[in-house]
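Next up: some structures, all given as structure tokens.
The following pair of complexes shares a single chain, subunit A, combined with subunit B in the former and subunit C in the latter.
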Partner chain A sequence: MTNYKSLPIKFRELKDGRTVISNLANTYHVLDNIQSLRDAFELGQCTDKNLLNELEQKLFITSDADFESKVHLTTSAFSKRINKDLTSPRLIMIVPTLRCDHHCSYCQVSRVNADLSGFDLQSSQIPSLINYITKIEKPPYKIEFQGGEPLLAFDFIQTFYEQFEIEVGKENFNIVIATSLSLIDESIINWCRGKNVGFSTSIDAGKKAHNKHRKLITKDSFELVQKNINWIHHELGREKIGTVTTVTRDGLEGYDELVDTHLALGLIGMFVRPVSSYGFAEEKQAKDISIIDFMVFYKKLISRILNENLSGTPLIEHFLLIHYKRLLNSPSAAYIDLMAPAGYLKNSILIDYTGNVFGSDEARMVYRKYGADELIIGHINNTELNLEHSTQLLAHSFNFDVPGCSDCVYQGSCGSDPIYHLQDFGEPIGDKSYSRFCELHKSIFDFIFELIRDQKYKNVLDGWLND
Partner chain B sequence: MTEVARPDSFYVEELDGVFGPIQILKYRDAIKETSPLPKLLICESKTPDSTIKTIRNPLLDKWTNHGDIGLLNGRGQVRVVLCCSANANTLLVTERCDNLCLFCSQPPRDVDDTVLFAYAAQSIVSFGSSDVIGISGGEPLLDKKAILNFFKILNEFNDKTPLHILSNGRAFKDINFTENFKEAALKRKIEIGIPLYSASSRTHDYLVNSKGAWNDTIKGLINAGNKGIPIELRVIPTKANFNELSSIVEMALTCFNSITRVSIMNLEQTGWAKKNWKNLYLKPEFYHDELQKTCLLGNRFGVEISLFNYPLCHIPEELYKFAKKSISDWKNTFPPECEYCTIKSDCGGFFSSIKHMEVTPKGRIL
Partner chain C sequence: MILSLSKKLYSELVFRKALYWLKSEYQWTMEENEGEWLIKLNCSQEDFVNCNYELHKLLNDYSLREKIDSQTDDLKLAIIRKALKDLSKE
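== the complex of A and B ==
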């Protein structure tokens, strides 16, 4: 095909000079250099037959005869993708207490001391809570207990579980407790046996960084979390425990230690991202680590992990995998931050210790710090919904027509976080050229194209899709 | 032609001069006798019966079951079209088609055959299966009135037989028809098998030998998918399109909704494929990498991808798990060399129609 029409494309030059192109169908192709972009799309004088075939198959160019159908195919793919983001299930987060035994420097929820009163959701509220959940969402329910430290309110969790099981049936829900694990004991482990309950905990990049930021009076948070992960692993099973890593300035050299720690614990998954600028972290910890710093760390980390995989040790880094799945239009890549319209409200909801309902975890963080009442969308004790502001936020999170996103090559894979932008820019869109959110996700997408240039690394990532 | 796994055609002298479908019974059965088809009772003693035609025929008896459906051609030939013990059952509802695929295994004829739809509806209702029955042609959706009427009849009998309809999808470019079809068809489990042979009209229209076919099929796939009609996407690799196999599947899974599975079908050397064999058939060894790439797309999109009609010794070992034993028993065979192959029991074998069966039996190291 030498006579062809171009379909609309977006493009971005990578550091190595290659040029990524994409379209509304969210298919991607990497051209050798900017000149080949000009040849193919500006001058229309590309003569490389294989390239033209590939561009045609990926909906970048078309013959005259197929033009109309190619437009239909493109718009169909576009609607399919939006539909996927609109119909993913909703995560329901519950904060039974804001009290915490840790006093982490970067605490994003602005926790309070463990001995304070007035920061707990009362057990007497459980019937209203369950009633509220079953009204706003269909089974199967995905529930996450957040904190504070939820294990300080374990009675609440137990009572909730028992009543919720009666209400919706055991097969219809799954609970994850986000905890530092410092307070887990034998009675908790025994209670969890045979129940739909798992744990998500934090391991930061190396002992030094972990104990410096995840502060316990006993100064042994790092040792404690490893011991308790092992305990859960052996008593309840490997699938019952997952980890999240928050990277701070002090962890930038800890990539190998982080991998070693996970491997020593027999974990086969990890989730690593930089500290985000909410709560206590907004002024200091988030400012201390630039996305550039983080990416230097992250590239070393991923290189180690991929090489572990190549030498036969399975280990998946889920932050990378989610970005990879988004580039591939995989149906299972429903990550709240990488959705457009955003996951806010439509794919997540958070019930605070006050009974107030928020559209996301970040929304309650911002509310706690700045007290923006319009972020409260309701309360578990009544059916009134205040969605006016939230629907505005959602509308502005549709990155298809947002300045800085609309012409970005990664628009179809990326998402938007209206709450982050609201906090940092005073409005939900923000200036993407200064947005940490934008810089982070763009860097990860760029990094993936660097990585998969090497077929052996691409094979590892493709292998992760099995999971 | 080598021996097939299940013979399906028999000559029965007593049936000379009788046309159309009949239901075969092995004993009197009050429930089955209320179904719409005429009955044929096969039994030892040829006692004359006033209501049911009764014959004695050991061969037909051997290869049929109580309740099977036969189709009589008026010259004493009975073909068992729906058989309880078959590995797959398919009914032909028309011989007409708007595509003229170079590899068509059932070359179309432009004849008025709407009676076939009536035969099929009666047969399905009488057979009363809970297993899937295939509806094939010609193009089953060519006569839109006929297919809608076919479903109307089935629904009136409150029939719930799951159906798999093999269509070129062109009819679905008409969104109103798509809506009506969905309304009529989705009262049961259905799946539409729609082939897409290329990511462009050039190659697709060449292979189906019909200008405008690709554009229609693309619109059809979009409409049917958007309406929530479950679609099995089919691709047949040939010399003309083998190098875009994975691109076709990638495009389909990126763009269309409701794709339930993808089937890569090896050519069958029947019908027009015989005369075009040299121009079309490519040994799988020449496109192993494309097959591999295509099968890997299953993980990425969360859709099952299968290889149909590939004898295991024609594909690399990594792809065995994608290969299905797909050939219908009445045309399925294994050449003698397969006897000693260690993986024969996992293999789908060959079409009995194929001229030169290339076999590399996998041996044990002795």
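== the complex of A and C ==
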């Protein structure tokens, strides 16, 4: 085919001179250089038959004869992609208490001391809570307890579990407790046996960074989390615990230590991202570590992880994997930050210790800091939702229509974060040229194209897709 | 310092999109006369050279986008409209 028509494309020149192109169907192709792009799409003079065939299959060009069918395929792929982001299941987060035994420098919600009263949901509110959840969401329910430190309100969690199981059936829900694990004890472990309950905990990049930022009076948060991960593995099973890593300036040299810690604990997954500036997280923390700093760290980390995989040690880094899945249009690529329209409200909801309902965890953080009442979308005592403001936020989150994103090659894989931009720019779209959100995700997508140039690394990432 | 660029070379949209992505350390204001866009930069000579280089790179990039998009912009809009209409029926 040498006579062809172009379909709509976006492009981006990578640092090595290659040029990534994408289209509304969210398929990608990497051209050798910008001249190949000009030849194929500006001048219509490409004569490389193999390249033209590939571009045709991926819906970048079409013959006159196939024009209608190719446009139809593009439309349907575009519509499917938006539909997938619209209909992914909703995560329901519950904050049973704002109290916490830690005092972390990047705490985003301004936790309160463990002995204070007035910062807990009451067990008497559980029937309203369950009623609310079952009204707004269909089974199977994905519930996450957050804090503060949820284990300080473990009685509440137990009672909720028992009543929820009666209401919806054991097969219809799954609970994750996001905890530092410092307070886990034998009675908690014993209660969790055989239940749909798992844990998510934090391990930062290296002991020094972890203990510096995750402050306990006893100064042994890092040692405790390791001991208790081992305990959960042994008593409840390896699949019952996952980790999240927050990278700060103090952790920038800790990439090897982070991998070593995970491997020593027998963990086969990790999720690593830079400290964020939401809510009360000390702004200095976020500003201290630029996305450029983070990417230097992250590239070293990923290189170590991929080489571990190549030498037979399985270890998955989920932040990278989720970006890779988004580039491939994988059906299981739901991640609240990478959705357009945004995951806010339609894919997440948070009920805090007052019974107030927010569209995301970040929304409650911004509310706690700035008292932005319009971010409260309801209360568990009343199933009516106040969606006026949230609808506007969502309406601004279709990124094909947003300044900056509308020309971006990663638009179909990236997301939209109206709450982050509301906090940093005072409005939900923001200026993408200053946006940390944009810089972070763009850098990760670029990095993936850099990585998969090497077939052996591509094979590792493809292997992760099956886990 | 002032950077002047002929209006014949770049459309206003290309110009504004290029300025959008110019690094935040370059503080600029934009003015125009009949035939030129005038960018006033508040910076040292060295920064001026870097900014000039960066801006031209961006202008090139957005100018190419404008040329490529001009062949398919209507089609793109039609596809998006049809897809959203289909979604609203579901």
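What we mean here is this: the second predicted complex is superposed on the first by the 466 of 467 C-alpha atoms of A that agree within 3 Å, B and C clash if a C-alpha of one lies under 4 Å from a C-alpha of the other, contacts with A are read in each partner's own complex, and residues count from 1 in each chain.
To be clear about the criterion, a residue touches a chain if its C-beta (ideal position, glycine included) is under 8 Å from a C-beta of that chain, and two chains touch if they have at least 3 such contacts.
Just so we're clear, the structure is a prediction, and the values are computed from it rather than from any experiment.
Enquirer: Taking the superposition as given, does A:13 touch the first partner, subunit B, the second, subunit C, both, or neither?
Expert: A:13: touches subunit C, not subunit B.
Enquirer: A:447 contacts which: subunit B (first), subunit C (second), both, neither?
Expert: Once the two structures are laid over each other on A, A:447 reaches no partner at all.
Enquirer: Just subunit B (first), just subunit C (second), both, or neither: which does A:26 touch?
Expert: first
Enquirer: Using the superposition on chain A described above, determine whether A:231 touches subunit B (first), subunit C (second), both, or neither.
Expert: A:231 sits against neither subunit B nor subunit C.
Enquirer: So in the superposed three-chain picture, is A:330 touching just subunit B, just subunit C, both, or none of them (first/second/both/neither)?
Expert: first
Enquirer: Under the stated touch criterion, which partner chain does A:191 make contact with: subunit B (first), subunit C (second), both, or neither?
Expert: Touch partners of A:191: none, neither subunit B nor subunit C.
Enquirer: Kindly classify A:68 by the partners it touches after superposition: subunit B alone (first), subunit C alone (second), both, or neither?
Expert: It touches subunit B, and subunit C stays clear.
Enquirer: Just subunit B (first), just subunit C (second), both, or neither: which does A:42 touch?
Expert: second
Enquirer: On subunit A, what residues does subunit B touch that subunit C touches as well?
Expert: 74, 76, 79, 83
Enquirer: Would you tell me which residues of subunit A are touching subunit B in their complex?
Expert: 1, 25-27, 53-54, 56-59, 62-63, 65-66, 68-69, 72-74, 76-77, 79-80, 83, 328-332, 462, 465-466
Enquirer: Which positions of subunit B touch subunit A when the two form their complex?
Expert: Per the touch definition, subunit B meets subunit A at residues 199-202, 214-215, 218-219, 222, 225-226, 244, 247-248, 250-251, 253-257, 296, 299-302.
Enquirer: Given the complex with subunit A, which residues does subunit C contribute to the contact?
Expert: That would be residues 17, 20-24, 61-62, 64-65, 67-69, 71-73, 75-76, 79-80, 82-84, 86-87, 90 of subunit C.
Enquirer: Could you pull out which subunit A residues touch subunit C in their complex?
Expert: Residues in contact with subunit C: 6-9, 11, 13, 24, 34, 37-38, 41-42, 71, 74-76, 78-79, 82-83, 86, 400, 403-404, 407, 431-434.
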